[in-house]
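Across the two complexes that follow, chain A remains constant while its partner is chain B and subsequently chain C.
Then we have the complex of A and B:
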């Protein structure tokens, strides 16, 4: 019996009056996840692409996979490197260690977030919304692999409810849900997401890895903010063998995802390009006129792009089609300001070594204003043309 | 008549709450609620000042020239605020330091001017007194609820006493630093409004 037949067979249970009516939204969510819905609209002329938002979300998740897989490997690599056991550990040792360290965070993120989504969908008699597929995947990638699960659960619940559901769910949120999760942890529990002791898993997992005591490993950005040199080469930072949040370290892995997003047209190349342009220009400005003795200001532009969450934010979060600017001209402004703001926050405020999160959230707030101005300028221009 | 007085006292505490329905006095509700003790003192101070100024304005209401009524009201409120502020400084100095400018800023609290204009100018002293007590307590109730949550989760304390036991901290529990910040107070007030509106369905906007 094919899957399609099975789905059709169990369908009556979930309809009004069926035994499992309470799980209607769950059923619909999975059905439309597995098969593109073949329903058509009853009135008006509509053109539907089979590439609907569920297919789009899956594409983003696939694009995130290289970053996740490399992140898992790097979590293991950092643990073995700190223990000085790198030459004894095989590739699979490192990978499984990281896999076991990251997996609980991925599960908690999905279980908590989707539970809230399903509950809300059922409660409001709506279809399940698929936006959390991507957010839930990004969240474990932008927190340290040591982040306590209960804190992650609270942060996910907070951001799904207060950044998304109260505005009307997927597509209505004006702030990036994954970043709100990170920002919540950052402001509520700063000790688990900043400093120099949280970036490396310091205990064995299922016999893998090594127990470390009093491990201190600052991220390159954290080190720069306190005015010391991290000692990592730019090549390490580019390949990703540095301490940091799980998925953000490797530029190569993120670039693979970026290629897929650009090829499928999900992410706007304009936003992505202008984030990098803004970052590079701002870094050059600080290189030239930056304050004396500020490590972060003296950091060359290519290193600024490699460290921290700059690439990850530029590729996967600045380009979020819901929260970014939607007008073509607005995308240039929006992206450029994100890149520039991120570098400004990094350099000027040592209290926030990573500026990308705050820069994107700030520009999320301004995106509607940018769009408004762009549209209004266009309206004025055309009105003038008519008046002539 | 007794029924009307009853209404004047009870309405503002829940159904027509000044903070969550009329959205007045939000500023101080955010500023003084990071701990329970200043929130209680603030709530009581506002209650006393609203009640007393309501009575005074109600007594004067037929003699105040309409054009200068705002100034008269302000003078009465300012005098009462100054008295309360001095009393706090004399008998509860620590709390008055914590509350800092917010006691003085009761003068600008919208609840006061709102009640004076909307109620005390048209009603007798006894009704006005009850209305002031009701509105003050309605304000205080929201402050206490918000401060309770903020102090409990933000510092693990209530009224300054440690409530969350040490073994929780030993097992990795952490205080939520975001609770201490003003944005969280706004979100909590929002949650109270959410609960309030889902109970009082006729307040929901279409």
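Then we have the complex of A and C:
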């Protein structure tokens, strides 16, 4: 228990009047990270469930790990594939290349985001909220591995401050923080997140990988939007060996995460299921009645689910409990509309080949309205009871 | 055939220390106390002074706003203290018991021959009216109201709670008399558990009978009302504990206020969890002394683990407490890296732990909050343990934001803080829901007055 003793020894420094009081939130954050707080209840229930928001967030981070690890591998794979050096590169060559390409983005995302969180926690005399552990992990997974670090830093700062903290922090935001980061880059710096030159890292990192000039590699959706066939097989798209944002390419890696989230009950199976249902139904509708010559409309439903951020969005972002609909009935509607809307945007708007981000953000805005309608039914029932 | 209502939402927390069904002898309490705080919504005005002698059934304090509501001494003896706190708030009135108990004689009466008003005034006189609570607001009832109905739940489904069938043994006649008396005041509904077999309950007379099946909070009277006939705005219903119904029966059958009751003494830190026959207001030390596993790092709870309050041995058995629970405090426990460690010994409804795999295994749960307070993050946590036709999350948010119209629309008139106890237990954001609901009810009551 020497660590415990050490923490107890330095604690007075961080308390009111202590010389390190300015870092109180940091100390508390680390203390509760190391040890479950042993404050006991003062009023209300005398016993509490062992589950808390730290454990919840960590489960989501664990669920994201397969997507991150595969994403790192795929970043390397795409570089070597473009250079035509696939047969010379070992598994570890590809992985370390991707690791070195993605790690700085992960670090920037966490450092910028957590610095803001810590500052706000200190300023508002609150505990550090762990919501950003998940957002900060998702952000590098939904941008291209080539995204410049300074742009990422600005985008993270923008979204943490303006999508979350001004509303009151984790639990009070109505828009998904990670998606706002992506949307910020998408609209403020469109050239680094769309087109066909951003998806593959085109330079060597620490001697790994290959220097490529004038690389063009469109994502399957980007290709479809411009009316060309990407040439990837559905199997590639399913396994994830395609260009795209770091973590969103592999359905299998995402499925592993989905299993954990569904098993632990942290993500709502209703939301997840209905996103897929909405996507499939809308894809079938376009298959049947879609405009002639629109490649995205002709794309079979299973391919729609495999490409782009559909799976990643459905599993990790539509199910964000804070920004999703909160009523059970509302979750069906919310999820279904996300799935349907994502496909509509993909098909109908070639300017935005990836519809998932906008679909989720749009439904984030409508989730309170959906909930309002669901709750209002209960309210009306109660009102009717009085009228009787 | 009694109608059976099946509740699918809820949770029976598997806690160590279930009381054995045997009656153990309690030590003689040196002091009995009545705490005005137990009687929610009452502004107490003491009517006794220190050194004054009182009989059992004689008023110790009254409600300033309804002076006819008396709060009477559970024992005869000498008033030794009127304890006051900040701003001269009355904390407790303490009586040192006589060796031989003397009771105020109210005279035996036949319930059948009395009218509702006569019964009400008999209860007011004998200090038993104080055990009626009302919805809305979950406060002590106002005797001038005409309630739509009176609801009694004959079983307590909270963790480690006493089995009312055991408590009832020997009091069957008084219980039925009490029910008949209630039925004279207003239509009375008795909610029993589908597993109860005592004929006093399953064949109770003069009441509407409903049987409930399901996990806690099936035994909460508020949940039962909501599933039988919810309280509407403008309506008042009264609720009363089944133990108090026995007191009422005794009043009419014996002519005295006899607040002897059988309570459970339970919990992990109790050496021999069992039942004890005590008089209401007994000093807790007399109940638990010699029966504790250790003397430090324990929490003595006046009541059950969900709605009871932290107490010390010097405190008094609460007027509405049907048990004393003693659990580990947990302030000496330091769990390393709790957010990732498997924590096999921990109980949780979440599948991020493993307790859902262990069937009927019972768990040691201490008083730690085990996390920091956050804004509401998870959805559908409360709903799973809240078997009422209400959206608990939305009601809580309406209360937090002080939006009275929304509170009304979302059904605040139907709830009491205890209905949110399970939500508070499972809440991963560790919000103090019972406090929030209590404050909401208080604000609303002040606003409506």
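Here is the rule we use: the second predicted complex is superposed on the first by the 376 of 388 C-alpha atoms of A that agree within 3 Å, B and C clash if a C-alpha of one lies under 4 Å from a C-alpha of the other, contacts with A are read in each partner's own complex, and residues count from 1 in each chain.
Criterion: a contact is a pair of C-beta atoms (placed from the backbone, for glycine too) under 8 Å apart; a residue touches a chain by one contact, two chains touch by 3 or more.
Bear in mind the structure is a predicted one, so any value in this text is a computation, not a measurement.
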Chain B versus chain C as contact partner of A:328, first or second or both or neither: second
Chain B versus chain C as contact partner of A:55, first or second or both or neither: second
Which superposed partner A:228 touches (first chain B, second chain C, both, neither): neither
Residues of chain A touched, compared between chain B and chain C (which is higher): C
A:129 touches, of chain B and chain C: first, second, both or neither? second
Partner chain in contact with A:266 - chain B first, chain C second, else both or neither: second
First (chain B), second (chain C), both or neither touched by A:85: neither
Touched partner set for A:369, first chain B, second chain C, both or neither: neither
Residues of chain A contacting chain B in one complex and chain C in the other: none
Complex interface listing, chain B residues touching chain A: 172, 174, 176-179, 181, 187
Partner chain A, residues of chain C touching it in the complex: 13, 15, 159, 230, 232-234, 299, 301, 305-310, 325, 327, 329-340, 343, 346-353, 365-380, 383, 389-391, 393-394, 409-411, 421, 424-430, 432-435
Contact set on chain A toward chain C in their complex: 1, 4, 32-59, 127, 129, 131, 168-172, 263-266, 268, 321-322, 324-328, 371, 375, 378-379, 381-383, 385-386
Chain B-facing residues of chain A, complex: 148, 150-151, 154, 162, 184, 187-192
